[in-house]
């Protein structure tokens, strides 16, 4: 496995859903950086189970203990280690002999053999985004002092769509909008769709089914010139982290898949003067050309597949007997993980972009 | 910048479009592996300019000299270094003071200052996929002996769409189909759209415009269990490489963005017995769950933006005077880079997946 | 900082001496590997404070909790995370304004500013070798099943020297000798020097002084051909880890510094037949040529400087006033850290060599 | 193999002694940095064969072509690629079936099989330090503008010893002395030993033997606080590179192995005020404590084994018949590689320390 990402700021994840605990090590933050632990808690609360009646009933307190790297509200120069103890685990819900369709159960068993710990999804559980959110909350505080903010909204759930960010302008959303997103379980640009979206999730639950969706995230305030292409270009660096968040199956920058149907004359962002500086006058590129940030917001969309755990009968194979068998996935499952994936995606974006900044600028600016 | 990718098999790219040469170092291949240099040439020929009347007229021979790592048709145990000399460069076509919209010109100048070499696109040029294709041809030969093949087709150009791979079956395309793709400039599943697609590209050329499109790539024969999640999971590992290919703006696995509108009961791939082994009976996941290959083909789609170089007037800013100015991009440009991007994307996929195999299995199997 | 080492087997260290806890994440071990936690405890006990009357009186239980990656005595496929809580910390002994000579205090303060946590040596404390020993104990168990053992003895303390390994033979020490070393606080080849060595340490203590020394470690059973030169050659890979162990100031392989005075005809190891296979008939090279293991034991010596903490008056500078001031280092200190460094050096060797094996062979052999 | 080192500044080596060419890629230098190619040539000339009558007669021009990354005397922002063509190769001198004692021949053949290219030492040849010196010359120019210089002298050849750097002072050697070293094939502090040293080398040649020795290198002007411990601490980072230089078998910092015989009261460097700042008043530590530069020069010693190639009969084993056989190594060999290793060691030091600076500070300062 490969549990680390980042080159200058290095994040290492550990833990399984039903083991003793989950956590992460965040290496590369210099000493003397003020970190408000309450804000880490705030971010963790956004993704914790039970944050909404639309979510799973598994109740985990999900408080992250900071084992090292902090002293009296400031970083100490050593790596920050986060630990979240596991508590409310109903392991008996899981039968390792009967893999759940579209979960990691089958490929993980083929890879690791029967010793792999898949209780509660093991290390493939969405729960593993909690340490990511904790580490991302550290990155968020550091970046915010530089005027860099990240925030996202629910672009769609099934057939209910929010309005998208406006790519016809170069400027993109402002910090206040992004901040307001963080106060909602279902952050939306168009409040008018909230009811329909909630209803759609509840219907999935009542149908013993689940629904997918998409989120759209903007990062504003990034320095033009950021990115280390080709292999640590803005899109490449982000993509490695984004696809590490469970259930993500597509990633688009700016106009994304719509570029395929465009002409160059429609797709190009003209270069204009903005505040006396040259900048793209629209943002179809999503904030980067050639892997380098162009001064516009970085805007990406991630598609989240429907929760594979559904209470309806599905086809599976009992591994011990190699016989096909019907499976009904038990346990408490989110009918829609899109809202809970969003904080993890923001954290992934913040950490990967902080890494790129430190690759270019070092760490002295953080203090 | 970050010119290297891969952990066990490490690819390092160098060169600029109008410098002395471009090339790459491929590290990690053990000694004694037979490599047919003629097949490297075959792959390079697919992406070279002038391979089709639909392409740019820049004529580069694009033969890769292997400087090291080979001896008498076998690898020697040292890194393979490829060198492609630059020849047909018309540097006078480029004015570094007037950045071309939607190229890397503006962000690269903001990053690097005026010393950056952007002649012919510098290191952001699509030409830099030539060493990738050369290295990918090495990976292709090695993987083919294990029964692993990669091939892709043009999924769409503007509004002309080919048929997609059939995700309702687990098996996916066969090696013969993938091989046949490699003989065409515009590989297609549905031959019936060839004429319309060619016409669409020619029309863009005549309109002094360009068009975008999408490609769809399948990799078959991968061992179930491949992938090192979270950060070197199949999707994460591929994504870092794929987004390093110029002009890629979206990446989807399996059903991709369509997952957003699905219910779990529609999106899940049932587990069935195939050839006596458990395997997903359909392939909406695109070959991986939880970042681990599930035994089905890995199928991804990449969206390629329209060539930003168009002969129509566009808005830009003259950097020395900070005045807005109209720009007409000169030079010989592809009206559609989608066909030429495809070999690079296949190479990126082959190299990243070879890297994952070596991470898990080491190198002894290659000999 | 850079708290991670290894490429295929990745070790990430966290913690400070007087924070909540110290620990490490060990990534890359496949699922299904039996690990005896009692043996981890055994190795930890070797380095813990108070293991001998010759050592510091700080009493830490130093039990490592395995937070993740293990289930019912077998690895689960996820990273192993170790946590050792800090307990017996007397922080009041330390004055951050008056750096202790030859400690990290001064350079760490110049690097990090006053926020750096140097209580008890912070993350520079020898205590940080405890997680290394815990992770090394996992490597040791895995390697032992392949017939690979590591063990070391005290080569010298001040002017009292043990006999060195015999480099005139290719075979080197046997596993029984190496195993016997691990039962002693002062492992020795020549038991006759034990009394003198103990006396020398006690004298240093009584003199309010400290003493340095050297250790010699052998790793036997390594496969010939191991090593990934140039930058992950046997010596390079080991060296990065060995110099990360506090107080190490010199590292020698085989004849080491004695090579400087030799002629080629004296230094060369002839190639002979041993057990029907070609092998070096002596081991002046210390087991590797050109960075590749040659089938002989890898033998290295590390010099450990005297503990900088001595109770005698020394010169320092008060940072707040920039005035020279006499310092008397308080607290409980080892008069000689050589015996306690040895388990850390063995662990470093085991982990770096395991990493090299996995780089070449992958992980399947471990199960 | 692992042909890359460095994290922020990344060096990738390629080539074999008798292949088409050798070279390297140096990634991470920003655009706009002036580099004088003539100074690269000057550094290369120091290590080229035939630079002295004491050296091998193989004559290679060893001019490095810069394939990319430079334009009109400035870096362009892309990786610098160096190519040195091979010319004067007498491959017939080498018999791959009869491994030369203490060369990489035997372990490399055991690792790679018979396909490994060992002609002229293959990629294990000292010749592979030429690209290192070329890349190091780039680092040297960049660092010199910051007041950082590296230089070394021959500490000893066999039993003829130069005077060592004076560790009783904190300041260390000055830039003028280090610069003067670079003008000599045998740079020395004590000119009085030059004759004896030259005679010693010539005697080895006449005796059909070789001699080892040691070099001592100082790096002055480094910022206090440099180093990313534990695993990229000053010593760890340097060590990985230094042991990648062929024939290095020991590495010592400051007092090095002499620490083993010292008391703390002798080994400690007092902290004093120097130029109004706190600094170690002596330099027994060799410039770093806890892996962090303390403001004093970084001083290290490397032991270079005697050239294994000697014209005297030695024992070996013919691999095809597995019979012991006498070998007389033919070809043109240096009786002492110590002087030619020195430029490579300086280059290794410069590159690894530049990497550490960029890890901490980013790249903007270089322009």
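Per-chain residue numbering starts at 1, and chain names A, B, C and D are given in the order in which the chains are listed.
Note that contacts are C-beta pairs under 8 Å (C-beta built on N, C-alpha and C of every residue); 3 or more make two chains touch, one makes a residue touch a chain.
Keep in mind it's a predicted model, so treat the numbers as computed, not measured.
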Q: State the chain with the largest centre-to-centre distance from chain D, centres being mean CA positions.
A: A
Q) Across the interfaces B-C and A-C, which one involves more C-beta pairs in contact? A) A-C
Q.
Taking the mean of the CA coordinates per chain, how far is chain A from chain B in Å?
A. 26
Q | Distance from chain C to chain A - Cα centre to Cα centre, in angstrom | A | 39
Q. What whole-Å value do you get for the distance between chain B and chain C if each is reduced to the mean of its CA atoms?
A. 45
Q: Mind pulling the residue numbers of chain B that touch at least two other chains?
A: 1-4, 7, 13, 108, 111-112, 123, 359
Q. Given the complex with chain A, which residues does chain D contribute to the contact?
A. 7-8, 358-364
Q. Which of the residues in chain A end up touching chain C in this complex?
A. 1-4, 10, 12-16, 19-23, 25, 27-28, 30-33, 65-71, 74-81, 83, 108, 111-117, 122-123, 367
Q. Okay, in this complex, where on chain A does chain B touch?
A. 1-5, 7, 13, 99, 101-108, 110-112, 123-124, 128, 155-156, 158-159, 204, 207, 209-214, 224-233, 235-237, 239-244, 246, 248-257, 259-273, 276-281, 284-286, 288-295, 303-310, 312, 314-317, 319, 322-324, 359
